[in-house]
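Paired with chain B in one complex and with chain C in the other, chain A is shared by the two complexes that follow.
Our next item is the complex of A and B:
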């Protein structure tokens, strides 16, 4: 085989994947950035308007309201998913009976689509027909408008998001836990460290790389939440659970303001990038858990 | 650890397992209850006389059979495409040193940071101008180039010794043959994991088909369910039956391939 052909080989192999990436990720990302500086209603031609979309976004009360709610959601979902999935992983890491059965059961919600999960919880939390309200009434409490009272809706949307993903991150934590050498624990026991001390002094520091991955992934996932919300609450009641992606969708496909929607997308992308950078920054500064 | 704390851990594990399973179980049980029984107050736990009435009604009343067929079609073809192009890319990145190798690899990983959600508008325009709007190909092709897949295949193929390729080259095998006949069979474990993941991603996908598909006849099952919920008065009997049907393929795949799932997640999560 000629050398030239040999040189070309790897490029031909990566080509299909690269091509799809260029057409459906890289180009749209740039295109979206360009569109964010235009006014465009699809029917007439796009008009360059400079920073006008960004100015109206940042001076729009509804944008700040949506952003605030999105942050409340994200900053509740991330720590709760973290704690829940770590707790599940720690539990399974103890050599208890039935652990493989438990692991499978914890994981089941992670297998299901957000749409199906949304439908299921809508059924369970229904005001007049939901089983949760029935159980509350039986226990002597008043039934709750889970999906019709703004603060309760935010609460259950967060709860369901954690429920749906904890099993997945549990598996990642479990792999992290199993990679910690038992030598550390043996040494700690000889020194008389309690289980609690072992957790704070050994487990948590050595889990740092895994923890970082989990925080970054849950953070990105929470910021881009859409399917679950659309099905479970349609963003309501009112706009109580309308988060950024759904708002972008509405601006683009319901109001037909593509420039404004694109500018909002760029803002969301910047938030995502910034938070990830901050998380990695914090992790770097915190010492050398990366062995 | 002493015996008592172990028992306590087991007990709390079982209680937690119930928290994760009972909601799903409740939906499944409800789907087998007849017309009025699902709204009975007090509710029954087990169906009084379990029957498939809701399923029959749901499939008869609307096009859910078609939506399932669409979902199977999309998930299968997209998964096949993913397997071929992701392994090609993963193979090249693992086994060839060439200009741009690292750049391409890190760009793939970086695109994880540009989810579909932040490029909704331009994606829609691109899909439309390529003539893929309202075509199932528009749901099959774009999501097939998964960064996770490239990553998994690359990491696996790095562990396969170069000598195997070299000796095939000595024997005069073409580069394509080396990849397809020699390397692919050796990568079977990672390809199995990727097949399962890809099928699950595509089966559960909502946003892609939601953006690309405009007419009901081309809905995938997820879009159809979401659309069904959005209607003014929800027909819970049919909705629950359809939702359970949409769960079934995933639960079967999970029961058969559980180990691959756990391994695959651990790999893609840890090394990222």
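Our next item is the complex of A and C:
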């Protein structure tokens, strides 16, 4: 093989992937950025409006309200998912009976589509047809407006989101736990460390890279939540559970303002980029445990 | 062996080459369509009849759920491949992309259709679509629940219930029958407008340049709607929880359903375990329904504009339009189809027609505004805020005026 061929071969191998990435990710992203400076309803030609969309976004009360609710959702879903999936991983890392069955059971929700999850929980929590309200009424209690009272609705969408994804992150934590050498625990036990001390001093520090991945992934996933919420609550009651991505969708396809919706997407991208950078920054500052 | 294979290949090539012109002669027209009931099946029968007359035309029906219509059409238009034909609700919304039908049909073509539809299809003096059916909002009720409660609904259009009587009677029905709630009310701004018109209000100024909802009548409409929810006559789960009103009515949980004539085929086929009918709606300050409708249009970038217009002409002709509306249980917009013969629910159509006849003019023209569809969801969100008591009725209509005017200004620039 000539030197030139040897040089070109690896690039040729990655070319299909690069092309797909460019066509379906990079070019649309650039086009979206360009659109964010226009007013475009799809049917007429786009009109350049400069920074008007960005100015409208930042001066819109509705945008800040939606952003506030999105942050509430993210800051609830991320720690809950983290704690739940870590707890499940710790439990199922022990040598207990039916361990494999339980691992599979906890993982099942993450294999279901968000639409199936949303519809199922809608039937469980519905006001008039919901199983839980039916049972409550049969037991002599008043039914609860799970999907019609703003505070309850926010609570249940957070709960369902955690339920849906905890199994997936449990598997990631299990992989992390199994990569920790048993030598550390043996040494700790000889030194008389309690189970809690072992967890705080060994498990958690050594799970730091895995934890960072879980926090970043759940954070991004929570910011991008759309289908589950639309199916479960359609963003309601009112706009109580309308988060940023659904709002972008409404601007683009219900109000037909692609320019404004593109500008909102750019803002969301900046928020995600900033938060991810902060997370990596914090992780870097802490250094790697036991290096 | 090789020679034989070569001969076979040549024969195949010749046969396929000969068949290309035959295929090319047949023009395929894409027709984007949504259905509320059985009208999709009726359309297919009409297309089959048309294809017998015009064997050179094939019409390919692309069915889409109503809620996806706008997105799908937007995407097709943006991609430069609009369908040749589409069923539309709000013509003005797509006007820049539509084919001007005036050179093909003449503006006088619309003279055969009820005048209330004209403002929907004539945009800037051009005919952009043709009406196919008109709709009327109305109240469908569970006869068994009302009978259990000993309540008789008004049968004389001159002596209908007031809003207060309507509420009182629904409360009695809930108390004395197995109905859990009085009324299922569709979660759409269009349906809410019925109450606004009954209160004596209107949505836009007559010249369509601004909102006209911030009035005592608008306030009263919000107040009445909030009252219906506070008294739990309408279950909160519909407007606040997205529960399907059709399901609630079909399950016998509500005594009535505030919807429209397009639900008749659905209930004829699915609400078979109880008796139901259509009642006259109550009055606030005045009586009113809301005139809506469906239209058929073609597109500027259509590959077959002439063939598309030919089909529109056929589809909206007297006989074909009568067949479409009679079999779909719709109301025809054609003046010469005012008396259709329905196999089912003729008495119900009588009620809908009388409701339309007494409705004020803006109950037909407001929804023809090109941006009515776009502001509807925002204004509906404000009504929800009033239902949650975050806004008083006065604050709600003020906010509706402010939000609506901002959107109108934005689009009209």
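One rule holds for everything that comes next: the second predicted complex is superposed on the first by the 276 of 291 C-alpha atoms of A that agree within 3 Å, B and C clash if a C-alpha of one lies under 4 Å from a C-alpha of the other, contacts with A are read in each partner's own complex, and residues count from 1 in each chain.
Here is the rule we use: a contact is a pair of C-beta atoms (placed from the backbone, for glycine too) under 8 Å apart; a residue touches a chain by one contact, two chains touch by 3 or more.
Here the structure is a predicted model, which is why all the values come from computation and not from measurement.
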Which of chain B and chain C A:105 touches, first, second, both or neither: first
First, second, both or neither for A:124, with chain B first and chain C second: first
Chain A residues touched by each partner, larger count belonging to chain B or chain C: B
First (chain B), second (chain C), both or neither touched by A:43: second
Chain B versus chain C as contact partner of A:234, first or second or both or neither: both
Partner chain(s) touched by A:219 [first = chain B, second = chain C, both, neither]: neither
Which superposed partner A:96 touches (first chain B, second chain C, both, neither): first
Touched partner set for A:254, first chain B, second chain C, both or neither: second
Shared contact residues on chain A - chain B and chain C: 129, 234, 253
Residues of chain A defined as touching chain B within the complex: 1, 6-7, 9-11, 13-14, 16-18, 20-21, 23-29, 31-32, 35, 88, 91-92, 94, 96-99, 101-109, 111-116, 118-124, 129, 131, 134, 138, 163, 166-169, 171-172, 174-176, 179, 195, 209-210, 213-214, 217, 220, 224, 226-227, 230-231, 234, 245, 248-249, 252-253, 258, 261-262, 265-266, 268-269, 272-273, 276
Interfacial residue positions of chain C with respect to chain A in the complex: 70-71, 74-75, 77-78, 93-94, 96-97, 180, 235-237, 239-243, 247-248, 251, 253, 374, 377-378, 381, 384-385, 388, 390, 407, 411
Footprint of chain A on chain B - complex, ascending: 1, 6, 9-10, 12-14, 16-17, 19-21, 23-24, 26-27, 30, 38-39, 41-43, 84-86, 88-89, 91-93, 96, 98, 101, 104, 107-108, 111-115, 117-126, 130, 141-142, 144-145, 150, 175, 179, 200, 203-207, 222, 225-226, 229-230, 236, 239-240, 243, 246-247, 250-251, 254, 258, 261-262, 265-266, 269-270, 272
Touch list for chain A against partner chain C, complex: 41-44, 126-129, 145, 147-150, 233-234, 236-239, 250, 253-256
